Structures are given as structure tokens and as C-alpha cells.
Amino acid sequence: MSILIGENTRLMVQGLGRDGSFHAGRMLRYGTRVVAAVHPGREGETYDGIPVFNTCRKAVEKTGANCSVIFVPAPFAADAVLEGAHAGADLVVAVTEGIPVLDMSRVVNELDGMGVKLTGPNCPGLISPGECKVGIMPGGIFEPGPVGVISRSGTLTYEIVKRLTAAGFGQSTAIGMGGDPVVGMKYRDYMELFAEDPGTELVVMVGEIGGTDEQDAAAFVAETFHKPVVSYIVGRSAPPGKRMGHAGAIISGVESTVEAKVEALSRSGIPVAETIEEIVDLVAAGLGGLN
Amino acid sequence: MKLEEFQAKKLFDEHGIPVPRGRMVTTVSGAEAAAEELGCPVVVKAQVKTGGRGKAGGVKLARTPREAGEAAGKILGMNIKGFVVERLLVDPALSVAGEYYLGITVDRKRKVPVMMVSASGGMDIEKVAAETPEKIFFHPVDPHKGLRFFEAKEMAFKVFQGKKNALDAASVMVKLWRCMNSLDATLVEINPLARLEDGMIIALDAKMVIDDNALFRHPDLESLRLPSPAELKELEARKHGLSYVRLDGEIGCMVNGAGLAMATMDVIKHLGGTPANFLDIGGSSNPEKVVHAMKLLVSDDNVKVIFVNVFGGITRCDDVANGLVKAVSTVDLKLPMVVRLTGTNEVEGIKILSEHGIKAFGDMTEAAREAILLAGKGGAGR
Amino acid sequence: MSILIGENTRLMVQGLGRDGSFHAGRMLRYGTRVVAAVHPGREGETYDGIPVFNTCRKAVEKTGANCSVIFVPAPFAADAVLEGAHAGADLVVAVTEGIPVLDMSRVVNELDGMGVKLTGPNCPGLISPGECKVGIMPGGIFEPGPVGVISRSGTLTYEIVKRLTAAGFGQSTAIGMGGDPVVGMKYRDYMELFAEDPGTELVVMVGEIGGTDEQDAAAFVAETFHKPVVSYIVGRSAPPGKRMGHAGAIISGVESTVEAKVEALSRSGIPVAETIEEIVDLVAAGLGGLN
Amino acid sequence: MKLEEFQAKKLFDEHGIPVPRGRMVTTVSGAEAAAEELGCPVVVKAQVKTGGRGKAGGVKLARTPREAGEAAGKILGMNIKGFVVERLLVDPALSVAGEYYLGITVDRKRKVPVMMVSASGGMDIEKVAAETPEKIFFHPVDPHKGLRFFEAKEMAFKVFQGKKNALDAASVMVKLWRCMNSLDATLVEINPLARLEDGMIIALDAKMVIDDNALFRHPDLESLRLPSPAELKELEARKHGLSYVRLDGEIGCMVNGAGLAMATMDVIKHLGGTPANFLDIGGSSNPEKVVHAMKLLVSDDNVKVIFVNVFGGITRCDDVANGLVKAVSTVDLKLPMVVRLTGTNEVEGIKILSEHGIKAFGDMTEAAREAILLAGKGGAGR
């Protein structure tokens, strides 16, 4: 079982550049139903057997695509997200890195108003092992299983998932939510979905220094999330950002250090791993506690 | 891209926000001339891209051009939180009747720009936020509709007394938002926004951060980049697609992905070592990147060992291996190097390395232990 | 009985300039519950017994105002409409003339999204005779009665209402919807409300050359409006606009002449008066036919 | 405010829309010089603020500078739908491979700007709209979010063939919207938007109407007003808060409110008279306005009788009466005048008039009959 993506996902790939075309093939071979690609001027062609269209609207009309993944270069990526959403995608996954933050603020708000879900930008995407991959993760390290994974990072997620898989803990769905200041869904949005997913028995939450998403998630878990959650936060030895102005500090109201996050998580009853190795132990304990 | 005060004030001015008519100078005589031209008293202000300048002695009042020169002499060359002062802003000293705070930044949580206004302006606004948060008013800005005058007016009447002050302040708010939006800033801040004794509302300080990702829309702003030596190195790294921040440790890290890079630093520290830097080579498979990254690491004299930690995803291990082989010969590497390589095309990558006598670890913790061990032997290889 | 405004209307007056202050008093004396005035810098004062506030938000907080009328000068009027709506007015009546059309396009769309109703701009407002007046009409010519009046014009409405009143046909609610290219509610929006109002037995629709509002209303009446409607269209001898570009003609798709409107109305079974005098006869016939 | 083609093209150019590099000239020799400078062939185009210029002979191709001068000689002074040609645009003649239509205007019904695009550009787009509406594509523009590139792209791929053409056209669409929005235009239109043989997408014609009500935001655009003599009179009226359009009849009308003004003209015509004008004195009570309105009416030699029809609302009858009394003496009125006065402060108004020997009617139809009767006696009073 899984959330957001699975057997019913009909994916269109926006942007057949170097990365887009490479990963279109990878996703296809992983088993994802990649039904369309969108690249202006190439309508009528096929790529790796996938029909190509000039616009998302045409792609959705002709193929019934309901999900989109964005590989369009940063200056055009915000527009591409809107195009996918307005054409009819229920979920847009923006892999692209480097989109201006005010563009994303506008896009995220517009998608919220439309009821379209967004993962990313600047993210590795999502994978429901054995069922469907929408993004750029190396599929081989994932296995189906009961653990939901939500992370702000890409390669760190792989690091953790590899250990989980090696220890016999497969994943229901693993998500890289993206590392930008403004992203679509966050921990608590995914947790709401994991709460309803019978295939997910435990959630691993991988956080990092900066922002207060982890604190918000901790509060949400304490209030309404009834499955075990295990956490890991990186950035203890990260260099402090040379901060400019006070607005950021005023707005968050709380500290965005690792210590502050760990404290909030602990207060909400979420165990926090000290090391990557310890994550596996906590997962084992969490799942063991269920039986 | 952080701007210095004099740059931000110029951009504010272009958007109709009242600012003092100051002069940017780089020498003592320049400061004297500016004070002469503007008329004394003046304020001589260090131009550094960080806060806490006032407390560090980087802002001085001068009653005569000679005093302005003396102040400039003291401030130029000062090191404020790692920034060496090279430029000064000489502003006319104005008669201030009240100091307010006004700032807009993008709120990660609300996902929109949020404006903050307070009657408690001046130096300690973060203290105000922590101790008396009710003195700060917040207003989320709809990023499509922008900040409208009626919204600014509502905020202004909460903080400013009297029709003229409130409407003038509301006008500054709307212009500050327009400045932020039209230049793709992620932060604009005026602290203090002052009410002068003659009734004028004016920005006595100005902070502004431009979104690097949006500079393609504002090619003219690129010329405002005045990097400090440390920033210059980070900037050079950025040009090659690398994200680099120097620290003071011994283990030079090269990692793909910011999260894994932080985890690598954490594990080094957890095991008793000291990371020399944060270095994210990003998610593409270009061997040239690895060469540049290696050059960056060996240019730091503190570094005693190189630790490469790569988990292939988009990045392919064989590409990284090829890059490393090339890098080692290009920079004529004398330092010991520990490599951990796994993920996409792992087998091919490890084969390439072993052909060149480089051993690769599979587990990052083990690899980190080895790096710390080698660093302990300290520069033996040098 | 009436629509939109009546005994429950709690009005705030935005803009106490020359016209705003004059009509605040007139509305008050007509019997409208004018509970607040909004004029920056005058908070704490009263005008004609009405408390004045700096902002609509404060006015609504303190007085429970639920309706607003705008007398703010044109360059600031669009912003004033938004202020009234966001502060909590359910109905905003914009008397101001000369608001830029793109401003109004933005405002109307925003108010639609909020579910706030807008009459005007560039309109005389609304009156429910004997109950409530929100606008600038001379109250004396109106009398309570069964006739709903919707018009694009001001003084022409007075001309017609005077004759209706003289002939003994009072009005439920009379509306000047405004003459600008983009206005809030239109004929059919008001007719939907008149359809539900037991106090309204017949509707007089006063139209003019330009646009296709009358045709739209005719179609609506033919389909779903079951009370008698009487119409009058002015502009037969109006000078033809020296049109520039084709976009307007392409967009409307039909002619906006008096003849085209009369034809559409007649096709929908709506009698069209040839002269102002004839309106009264048609109303008499329409109401007579009811009994 | 309608702009002439050369003005609209300049504004389009400033917003990045490709336009031919033409010259505006006002003389035969100017046209010859422009043709010489630009290189022939050129197109000589009458600058008039109305459509149908081509059919009226206001656009001519010239293969030599001499031909350009001849064309200019023919077109200058031409009367096209009431506009006398004073200015010409000399554009290089380009090799056109395809003609498209592109326009954006505010749709009264949808209440938003709507973009229209068609592959059937050229002269007869209204005919296309009437006969083959499926050949025109419509796209409503969200007035807050603006026209986005993806929307333009969707439209462009329906109408233009090939990637380059479609993306170039989409770019023109987005820029046209930005031009409209930033200058508060109510209409922007390119017909034809041409595809040249070298592949360029370019605006061969340009129409633009600026919202008069928004000119306060664009004071610089006011200088673009080039009124024809008829417009000059309307403009002068507008300055005094009067809305005036001259017709060819005998009865000079002065009415408050556009709807009542039209009703007044209708009743005059219905009863067999001819209105000399549309004149709305608007809704304020300033007696000066009445004086100006009277001056306007008597400046028209066709007018044989003055018909004042006022229904007081905001306008107060006593103010109008005072204005009329003043007007009659100011202009030394020799023409017969019929006054109908009712509404707010009716009693006071009628009293003032009667004190000056002016009779007032209560009913507009009766008053109109009297005016027609007096007009029939034709200029007897003159």
C-alpha cells in the first residue's frame, strides 16, 4: 500500500531535456505508467515509446494523465507547474532546483486554491516501492514494506532507506519533500495521508536545520497522529548562516537549530536518532512495539 | 545576494521610499568631503552584510568633517563578524522623533511574504519579538494580489499616530512590497523606519537580500555583488555548481546533496573529528565538478584529509570515480583521501577507483572513522 | 418587502468628502441605519451623530456594519471597495464614477471569490422605499409597492420612478446597477433575487445602447424568471461610438444597438415601451394581468 | 484615449513586441526622406483613430522615395470617417508569409480581459467572427494573475505551426498583456500579427486605447493625446466635467445623466425633432458647469433652440437655475430656451427661474414638444 502515487498514477513528464529524458526512461522501467511527455515543438514524436505533446492540456486530453513531474529548467519551471496543474494533474512533482521563491509562493498558493497537490520543488520525488516511482531516486535500494519516509533531503534519504531495506524494513511510500524555503506539501500533509493508509505502520521523518517544519510536524503528531514516528535531524555541525536582517527570526518565533527541533520532537514523544545507524534500531523498536 | 545598506537605499529610493541623501565613500578623505558636501552632523556607517554593526562600533556620529574623517579612519578595516569594512555610508544626521520597525520576508510556514511592523524600532527588535510579541504586527501578503493600500493602512493605524504619519507609513509599506516584488527580494527591512521631527517618515537603515535564483530576470542587479574574500570563494564554487562554506576543522568533505553533506559533518563530529567545510557537489554527473571541488578543498591549509562521500542517485558513481581520478592527478594530491561510494553504478565506480589504487568504503560511518584516524596522524603525508 | 437592503442593513459610509458627508445625512434621514463612517484620521469624531473610524475593519468591529457605500474619489475607490469587502460588508455599493476598468476587473473578481455582492461602480445605488436607501437617489419620488426596478442609469430611473409613483405603482427595490463597462451585479443577478422576493410582483428593466446585458437578461427571463417584466431601452438617437479595433465586436458576438436589444427582449416575451409614458401602461397591464 | 498606430507601436516596442522600424512624418518631403532612409519598398499609412483605413485608400505601397512622396500627397488631408489625415507612418514593406489576428480587450460580460487569437488575420476579422467563429480562439485573462506563458503557449499552438512560430507568438501574447496591464489600456490589438518569410513574428499594425480614468497613474501618456478638431471640443467639455458629442440636429440639449440625456434625444426624435448633440452635465451642482455647457451649445451654428432637461438628484434644481440665469447673461443668449426642471429643490429652482422670466416645465415630453415647435420657427430669434 502507498500514498499519492501507485497503480492508478498516469504520469506525464514535463521537459525532455537531459535529466527529463533520462528519468522518463528510468521511471518507465521501474514500472510507472508514464503515459505522456510534454515538450514544445515535439508533438507527434515518441520518446522511449512515450507519446510527446506540445502542451499538458493536449497530453491530458489524449492520455488521461493525472500526475506530472517537472524537469523543466528553473526559469520556466514555475510556469510548468501551473501548466500541469491547470491541465488536470492532481499531483505535480517538481524536481527542478533553483526556482525563485516568490514564483513558488505564487504557485503554491494557486495550487492550494485549486486543490492540486505539489511535492517539491528541489526534491527527488516520491516512490511507492514495487508500484510506482515519480522522481529521480535510485529504485534499487527501495523495497515494499510498512515504513513511510518523509525527508527534506535526497541523498540522505537514500542513505537511510538503504539501511532500512538492508534491515528488512521496506517502505510504503518514501518522499523527498524538497529543500527550498517554499515547498508544496510538508511533513504534516504527508502524515495526514499516511494516517489513512493501512499499508503504513510507522513513519520516519528526516529533518534538518532551518525553518520550523519539524516543530509543526511534532505538534501535529502529538495532537492527532496515532502511528509511531521516528525522527532524525541533521545539521548539528552545519555552519551558522550569516543572517541578514531580523525578519526571519521574528517570523519563525522559535529557533530553527537542531537542538530546538530535537526538543520539540522529544516533547511530542517522537524518538530522535543520534546517528543514522540508530534510525534502524528505533524503527525496529517502533514496529516491534506494535505487535 | 545580500546588498549593503547604500545599495539597498538606492533601490528603495528608486521605488519612491524616502531615504537620506547620503554618499558612499571608501577613504578617510572621501568621508570628510562627503560630510562637507552634506553638511554636518553626519553619521558614518560601516557597510557590512550582517547585523550587529552598531554594537560593534561600526556606526559613528560626526559633528564636523574632521570628525567624520576620524570616524572613517576608525571604522575602515574593522572586522565585523568576519566582514572587513571597505566601504562607508555617510548620511546626514537627522532629528529623529520616533523609531519604528518595518520588514517583509517570505514565511516558510505560511508560504507567502509576511510584513512585520512595530512601534518598537531600533536595535533590539528580536528582543521585542521574543519578550513582547504583541508589539509586532504581522500581515501576510497575497503574492498574486500584492500588498494593497487598505491593508497597509490598517497596519499603519495600529502603529503610527495621526493621519499624516499613518498614511505616509502605509505608502512606504506598499512601496517596500513593490520593491521586494519587482526585484525578487527575499528580504526587505527598514530598522529604524524613522519619524523625523519635521514629520517626515524616512528609512534610516535598509537591508535587502535578492533571490539568487531570480537574478536571470534582473541581469543589471548582478553588478551590485560586492563579495568579501570569504564570499568570493563561495561564489567561485557556486559558479561551478558547488555549494561551499568554509569552517575551521581538519577533514575536507566532498558530498552529493545538502542533507547527506550535513549528515557527514555530523557523523565526523559525533566520532570526534572536525569537518573543514560544507561542500555539496549537487546532483549532476559532471567529472569537472569533482575536479573543481578537489581544488577548493586543497586550497584550505587546515585540511589534513579529504573525505569523499557519495550516494549515487542522479549522480552516477562511475562519473564520480572518473572525476576523482582526474582530480587527484590534476591537483597532484598529497593529502590522504578516504572515499565512500555507493548507489547508481556503484560496481563500475569502485572498479575505476581500484584500478588507480584508490580504496572505496561502502559504509559512511566506517569511512568517517578512517578519515578521522588519518587526520589524527596529522599532515604526515605532507 | 425588498431585496439586498432593508431593515437589517447596517451601513458604513466610506469617504466623508463633500458628496459622502451630504449623502450620509440624507440616507440617515431617509431611515437607513447608518452606523459608521470611515475617513482616515477622523477616528473618534462623530459626523451627524455617526461615529467615524480610520478603517473599515475598526468600523465593522465596533458597529457590526454589514453594508458599505463608497464615496471615495476614483483613484482610491477600488481599494476602498476591497477594504469594505474584506472588513466584512456583504454588500458594497460604489457610487464613485471614473474608476479604471482594469482595477474594477480585479475588484469584481476578488469580490466574487469572497461571495461579497457589489452594486456599481458609477451608480446611484439602491433604495427599498420606506425602509432603506443606500445611495444618492432623491428619496421623495419613491413609494413602497410591488414593482422592482433595475436600471443602468441614474436620472432616467428617477424619471421613470416618478411616473410609476404618480400612477400609484410603488417600488419594492429600485437599483441603479451602474454604467461602467465592468460592474458588479447585473440585471440577471438582481432578477434572481427579485424572483425570491414575495414583495416584488413585476420588474421594470431600463436598458441602454452598448454591451449585451439586456440580451443576457432576456435569455435569463425566457428560461427561468416567472414574474412579468417590462422594459425600456434608450439610445436610438445616440451618436455611434467611433469604434477602434475589432476586439469589442468580436467578443460580444452580437450587436449592441437598441434595435438588437429590443428584438432580443421581444423574442423573450418582454414588452418594450416605445416612450417613457408607455412604461406606466405596460406596468399597469403587467400587474393587471396578475389579478 | 485612442492612440494612433505609430504611438501604439512605440509603446509595443518598449514592451518588447517586435514592430517594424518606421518613421512618423507629416509632409510629402518627410515621407520621401523616410523612404530614402528606411530603404524601399515602404508602406505609407494614414494615422487615424478609426478602422477601415485600408479600404478608404489610406494605406499605399511605394517602391521608390518618389512614390512614397506621391502616396503621402494623396493621403495627407484625406477624410477617413471624419478624421482628417495629418500624420503618416512610413514603415519598411516586409515579406509576409502569414497574417494572424491578436487582440485583448475587457469583456463586459466575463468582466475580465479576454485575449483573442486567429490564424485568419488581416482586414476582415469581424467577418471571420460572424461567419466562422470557430476560427477565433478566446482566452480569459485572470486580472490578478495575468496572462501566463503556459496559457499563451496553449493558444499559440492552436494557431501557429512549428515550435519557433508558436513560442515567439506566445511571447508576443504575454508581452501584449503586460503592455495592456502596465499602461491601463482597455484595448490592445495587432492585426495583422505577421509571420515574415524570414520566420520573424512581428506586429504590422497596432491599435491601443488607454483608459482615460487611469491616466492619473500615467501622467507621461497624456502627451500622446493628438485630438482631431472634433475631439478637441469634446476634450474641452470633458475638462469642465461635461460629456459632449456633437450631432447634426437643431435642438441643443443640456441634460444631467447619460441615460436621461439619451432618453431626451430619443423623445425629441420620436416627436419629429432633431437633437444637435449629446450633452451630459453629470451629477454635481456647480453653476459654472451650466455656464460652460451653455457656451458649448451656442458655439454650434446649427442649434436653433436650447433644451434644458434636469431631474435633480445629487444635482440640485436651485443650483441649476442659478447656473442658467448666469449662463443666459454670460453668453448673451439670443436663442429660445426651453427648461424642464424637477427633483431635488424643485420649488426653489423654479422660483429663481421665474424671477428672471424663465418658464419651467415639469414634464419632459411636454417640454420636448415646445422645443421642437420653437426649432420649427427656425432661428427666428437670431
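Order of writing sets the chain letters: A, B, C and D. Residues in each chain are counted from 1.
We adopt the following convention: contacts are C-beta pairs under 8 Å (C-beta built on N, C-alpha and C of every residue); 3 or more make two chains touch, one makes a residue touch a chain.
The shown structure was predicted, so the numbers you read here are calculated from the model rather than taken from an experiment.
A count of C-beta contacts for the chain pairs C-D and A-D puts C-D on top. The geometric centre of chain A is 27 Å away from that of chain B, both derived from CA atoms.
Measuring from the averaged C-alpha position of chain A to that of chain D gives a distance of 55 Å. Chain A and chain C have Cα centroids lying 51 Å from one another. Shown for chain D are the residues in touch with two or more other chains, namely 144-145.
Residue positions 106, 110 of chain A are each in touch with at least two other chains.
Per the contact rule defined earlier, chains pair up in contact as A-B, A-D, B-C, B-D, C-D. Taken in their complex, chain A has these residues touching chain B: 19, 23, 74-75, 97-103, 105-106, 108-110, 124, 136-138, 141, 151-159, 162, 179, 181-182, 206, 208-209, 211-213, 216, 234-239, 242-253, 274-277. Of all residues in chain C, only 40-43, 54-58, 76, 79-80, 82-83, 86, 106, 110 touch chain B in the complex they form.
Contact residues of chain D toward chain A in the complex are 145, 148-151, 153-154, 157, 162-164, 166-167. Only residues 144-145 of chain D touch chain B when the two sit together in their complex.
Listing the residues of chain B that touch chain A in their complex gives 2, 49-51, 81-82, 101, 103-109, 111-114, 116, 125-126, 129, 133, 136, 138, 142-144, 180-181, 184, 186-187, 189, 191, 207, 209, 211, 213-214, 216-217, 245-247, 255-260, 262-263, 265-270, 275, 278, 282-283, 311-315, 342-344, 364-365.
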